[in-house]
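Look for chain A in each of the two complexes below; its partner is chain B in the first and chain C in the second.
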Partner chain A sequence: MKPAAFDYYRPTTVEDALAALGTSETAKILAGGQSLIPSMNFRLAQPDLLVDIGGVEGFDRMEVGPEGVMIGASVTQSRVMTSDEVADAVPGLRRALRHVAHLQIRNRGTVCGSLAHADPAAELPAMAIACGATIFIRGPAGERTVDAGDFFLGPFWTDLAHGEIVTGVHFPAESAGTVTLLDELAWRSGDFAITGLAAAVAARDGEATGARLVSFGVSGVASRMTGAEQAVLGFAGGDDGSDLYEAAYGDAADAVDDIHATAEYRREALGALAVRSVRAALAANGNGTGV
Partner chain B sequence: MMDTNPGSREVDVAVTINGAQVRERVPARLLLSDFIRDVVGLTGTHVGCEHGYCGACTVIVDGDAIRSCSTLAVQADGSNIRTVEDLADGDQLTPMQQAFHENHAMQCGFCTTGFLMTLESVDSADYQDKERVVELLSGNLCRCTGYQNIVTAVCSVWGVDD
Partner chain C sequence: MTVDSPMRINPMISHRAAHIGRAVLRREDRSPLTGRRRYVADLRLPGMLEVAFVRSPEAHARIVSIDTGPALALPGVHAVFTGADLDDVAPFPHKILYIQPVGQTALAVDRVRYVGSPYAAVVATDRYVAEDAASLVAAHTEFESLPAVADLDQALAPDAPKLYDDWPDNYLVNYPAEKEEVTRAFEEADHSYSDTFISPRQTGLPLECRGVLADVVDGQVTLWSSTQSPHIVRTTIAEMTGIPEPRIRVITPAMGGGFGTKTHIYPEDVVMPWISRRIGRPVRWIEDRFENLVSAVHARDQRHDVDVAYDDDGTIRAIRCKAYCDVGSGEIFMPGTAPVFVTGGCITGGYDFPNMEVHHFCVVTNKTPAGAYRGFGVPEGLLVMEGIIDQVARRTGVDRVEIRRRMVLQEDQMPYLMHGGGRIDSGSHAKSFERAAELIARSLERIRAEYADDPDVRVGVGYTNYVEPTTPTYHLTTGHWAGYDSATLRVDPDGAARVGLGTTDLGQGTETTAAQLVADSLGLDPDDVTVVMGDTDRAPYGLGAWGSRSAIVMSGSILMAADRVMVKAREIAAHMLEAAAEDVVLTNGEFHVAGSEAPSVSWSQVATAAWVRTVDLPRGMEPGLEMSGYFEPPELEHLPDASGKVNAAASWSNGAHAGVVSVRISTGELKIEDYVVVHDCGTMINPMIIDGQVQGGVAQGVAGAMYEEFQYDPETALPRFASFMEYLYPTCSEVPEMTIEHFETPAPEQPLGVKGCGEGGTIGPGAVVACAVSDALADLGVEIKATPVTPSAIRQAIREASGPGGGA
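Presenting the complex of A and B:
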């Protein structure tokens, strides 16, 4: 199918983009369009105005520094994924992006767009939470920042109000002794995950000393796994992992049943992914190599 | 401040497509796939699922393979587009096209142009093992071949152990 008719506007400043959004209740921001345009083709989305932020000055900036990586609103997933500087600063980001759709979609899809869209089965929201990323927002009232951990509220639902724009996201540099990674179960490479896990695991002397573990594709929103985060403390690679498995299983009490998998299957898969991911993180931490 | 919607229903799109300049005024809602097929008249780009899943509509925009069904024509304004019609020189097929022919890497051929444009867009040096080739091809669906002959064709051209 084809999109319903809409008006198209391509501002060059964030001020003009905000002003345009303010003229319509149903206006949508167009960045890469890799979720929005298929939704419009299906007529699931019928905005009366599209504000294309592809030309907004400054939105294409990507800066890597000792503090981490700043990714502007129009920076594509491919650009982030192919940057060796980014991979050095936040290795988990490249690991996560390899699971995001396919090359052709990553070539247009943006990191910030995926965060704002907040698909419950998407990798980047979970990775942003695991990494402790900060989301930068501009709105009619000015600029504000939100921790990724507070940004995702439900399926396709974030802290973003209508009329606000995600202008960028900052991923802090991975600190020594911490490994970030992402693992998932999908029927085919590039599909949305049936069950996925993003992790930042801190370790010393082969034992986990702390972790942020985030499930995605399990319930309606990427979620911290508070039980598993406790169970991970003191976990060593040689442990049988049953406590961690049970804790992760328990964290997924709100797992959904759908055509792809039952809730029970998702809970078991999340338990297995938790053990596998933490083991991988400990191994990578021990020998200083990638995951 | 803006009081009224600043957008427009119709937009000017100027692109270079397979080396030719094209400038047209089109509806803002026109997909790039339909622009290529219906406005420019290049029907080698195929439209399958129309929601970014099958890859049949893959074209190259400014060097990158993209889904033309999930891109508005207006988003390609100012860009350089290549479609499957740009590959062969008359009857002289590219090595990849020739390998598809020789390895029977197609049956109905509907998906073929999308595969060829994905392959055309990348540097084969980045895909020197079979697992990487398969990962690259995973963004294009084929309902006829079972993929094996496509993988074989690609590996034969890129010098990858199949």
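Presenting the complex of A and C:
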């Protein structure tokens, strides 16, 4: 379990990092390395060059303002999770990060790295979509931004082209009347989700008025649950939830079968998670205490 | 004082303090906690090269050709050896005559039968280059794929591809059995039904993988191997390579667990010294986790097809069980055939149930060879027995606890002869069960109340009564070794003792418990005792640590050796005191004449006379103060009688586990809310260490109950796992808090009354969880008869019980 030979480069500027990436077809960006290094050790990934962006100037910035939170490419998950300012502005981030692996992994792993890696069962891509986050990208052609909702295309597949770097992600501040949360089923604490749901639920007078509901771990990519988002309109905590359950169940039509769970399990679980997440969001919204 | 009754501490000793029975802190904890313990992977020798094994990517294939040229051309590669190069190495021994010979060679030649099978070895400057070269060898190996057999049904199909061309079928062992009284009971009983139970593939999963460092200098072989049985490794290497056994030294440095997986003698143990001898340099191989998952033995993987005869009053009249074990390719020494026999012999647990008929089958498939793992067949059987009891309770409406009460073994039945010949020497089966039931009833009430308001949650309880066969014979497993172990005990001139033991320490605290035993048997302090294990040059020949045997065999051998040391020490002391030997006693480490504390001579004075001032010895006495004991446990049988019955364990521990679970119907989420262990391993040498054994055992039992399963593709027999992303073990977050209580029913025939305690914890959880989930979901008609019980499995059971849309 040793990686194949590779070159290693640690630039200090974005420009140098981009230039290095341009020299190789198989170059990979190394941020926290919590997914990349294991897959290199298994020789599933055999890049000939690692560009370590840990030393790139400005990538370590994390700024909290009235508009939201800007997280640079080398900011670790632990740093985001432990920031009370971040938790006040975007409560969903800490709620999602609680489910991300274990302390040691969060100490190394980065928020942007998890987004760029796009594991279909990871929490952060789903929460980015639920929050309406914006992803900042630099490439040879300059800077561009992509809505999180348009960024994730498939398993380990994003809108990012080879040679481009995710330089940061902006999570907008949670607006009043909205509750953002994440719930998941994993066989062990800290595992990738077998079935997960990130939710931003807006409510008034105890009824849901709108929601972004995002499934993860269910199919090959974190996905908006369009049926459940419709079914949630007007949902009140006391409702029996069967319509919402059925809609969420239907949203998981392309659920995967694997060694850990059947596709049918994932559909049922997503239905159950949708009902309990929306109920939890309404309860939190009602008493203003968070989840 | 006689040397033929090593059942007690020498009566001539008056102790400062008895150390046996006390929670003496583990002396072996400091170094691992401070990172100073030295495992094989920490060892380096000058000029050492690294070895990587090339392993089959095919489940079943003929090796057509191997081109080692590209690998040899890689800078840093020193050599590449294939199976054919080892033509001067004999195949692994085949000593059990009732099983088919697999003809396992050190490296696979011509044919591979499972993914992970080693067929070549690369020697290189470091592991990185070695892996590069191993990839090249693999890329330049031409395989001709053969039809693969992925499971029992495929292996036993009439037209199944055969793993071994010269066998009639794929049975490694085919051992049917019929009992007249069972047949009769089925005719007479009110009802009967059939059922199937499944315990899937798992492994012991030691924190430290395997590893071997071999160095052959001037014909002297030194081998550092992470093995539970260094002497057996030595004998096997000698037998296979022809190297004289006294020239082989096998050292087991610190071990990070074994759990049975390291009792086996693996190809790497034999190939590594062969390579070192061939190339004239030290070579090291450190197993990585992928290798460990595919090439260290697997275990369990049993299916039990049962017929049950019962009466309306809840009496179970008879059980017929066809016990199948999928042993993978079977290419492992010692073979993986013994666990299913232990399952069959122990399937009736802590119950008085003679009308049991078990047919034993071991079947080969194209999977990793199966072998030993903590529990060794017993958990699989308990899942069946407790499942049957609960099923009969459901069918008859008789209370589950009441049925168990009627069946549980009573103290006045001891010794109790089990259906398969197991002779339960003693125990507290009924008392332990009542106590466990009492403890769990309290928490059941509390937990039911906790979830009373949540209609999505159901709460259930599971009960078990098990027996744990300890200190088994190795003869039925290996066809060779049997049951004894050894101690060589010396008192040095300063009065401190040193004991060499044939058993080994794999993390279970043997060093501390051995020191307690020596201390009490010589009237010393444990701090004055040095314990040496795991080195064939420094410790006497012994069989190693497995089968929960160390407590009994080291108690016996230490007490025998200590009795002999005491006889001689007393004669020396008597000579120095100018008294008669029979008048001399030992108090607080000083020899004196009974009834008068002074004058006295110390252990140091006695040992100095024995080793240094030999002029002080009685005239004509042989110098030295070192004695050995070779202890064969009484009551242990090594061969079955004419009816196939055998008491294959020296003593039988027992216990009752009970647990409460909560199940969320909508998602299948399962939580062990409370877990109770009432445990009896006879006289306890160190209660703290025993609690640790129980806790660790329960953790591994929970692993099997809820998490671990090796899955193979049913079409290709390729593993569907390569790492801990696929093979999930429980972490400390998943293992429940537990209550542990003990009874101490001494083993009547064993030294000090001790019994083994290493495996009991592992036996209960599978049955507890399966039965508790079935209980929780009884109103939905759910019955759990297979582990692991995952949320997905629970949901599937709910769906199948209540039809389409059920439980939504």
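Rule of thumb we're sticking to: the second predicted complex is superposed on the first by the 291 of 291 C-alpha atoms of A that agree within 3 Å, B and C clash if a C-alpha of one lies under 4 Å from a C-alpha of the other, contacts with A are read in each partner's own complex, and residues count from 1 in each chain.
As a convention for this text, contacts are C-beta pairs under 8 Å (C-beta built on N, C-alpha and C of every residue); 3 or more make two chains touch, one makes a residue touch a chain.
Quantities reported herein were computed from a predicted structural model and do not represent experimental measurements.
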| item | value |
| --- | --- |
| Touched partner set for A:Tyr245, first chain B, second chain C, both or neither | second |
| Partner chain(s) touched by A:Val69 [first = chain B, second = chain C, both, neither] | neither |
| Which partner reaches more residues of chain A (counting touched residues only), chain B or chain C | B |
| Partner chain in contact with A:Ala284 - chain B first, chain C second, else both or neither | neither |
| First (chain B), second (chain C), both or neither touched by A:Phe42 | both |
| First, second, both or neither for A:Leu103, with chain B first and chain C second | first |
| Chain B versus chain C as contact partner of A:Arg188, first or second or both or neither | both |
| Partner chain(s) touched by A:Gly271 [first = chain B, second = chain C, both, neither] | second |
| Contacts of A:Ala31 with chain B and chain C, given as first, second, both or neither | neither |
| Partner chain(s) touched by A:Tyr9 [first = chain B, second = chain C, both, neither] | first |
| Residues on chain A lying within both footprints (that of chain B and that of chain C) | 1-5, 38, 42, 188-190 |
| In the complex with chain A, residue positions of chain B that touch it | 1-9, 11, 27-29, 31, 34, 50-52, 55, 58, 64-67, 69-72, 74-75, 118, 122, 134-136, 138-139 |
| Contact set on chain C toward chain A in their complex | 127-128, 131-132, 135, 288-290, 666-669, 706-707, 709, 711, 720-723, 725-726, 728, 730-731, 733-734, 790-792, 795-796, 799, 807-808 |
| Complex contacts: residues of chain A adjacent to chain C | 1-5, 38, 42-43, 185, 187-192, 194, 242, 245, 249, 259-262, 264-265, 268-269, 271-273, 275-276 |
| Residues on chain A engaged by chain B in the complex (per definition of touch) | 1-11, 16, 19-20, 22-24, 27, 30, 33-34, 37-38, 40-42, 48-52, 54, 78, 101-105, 107-108, 188-190 |
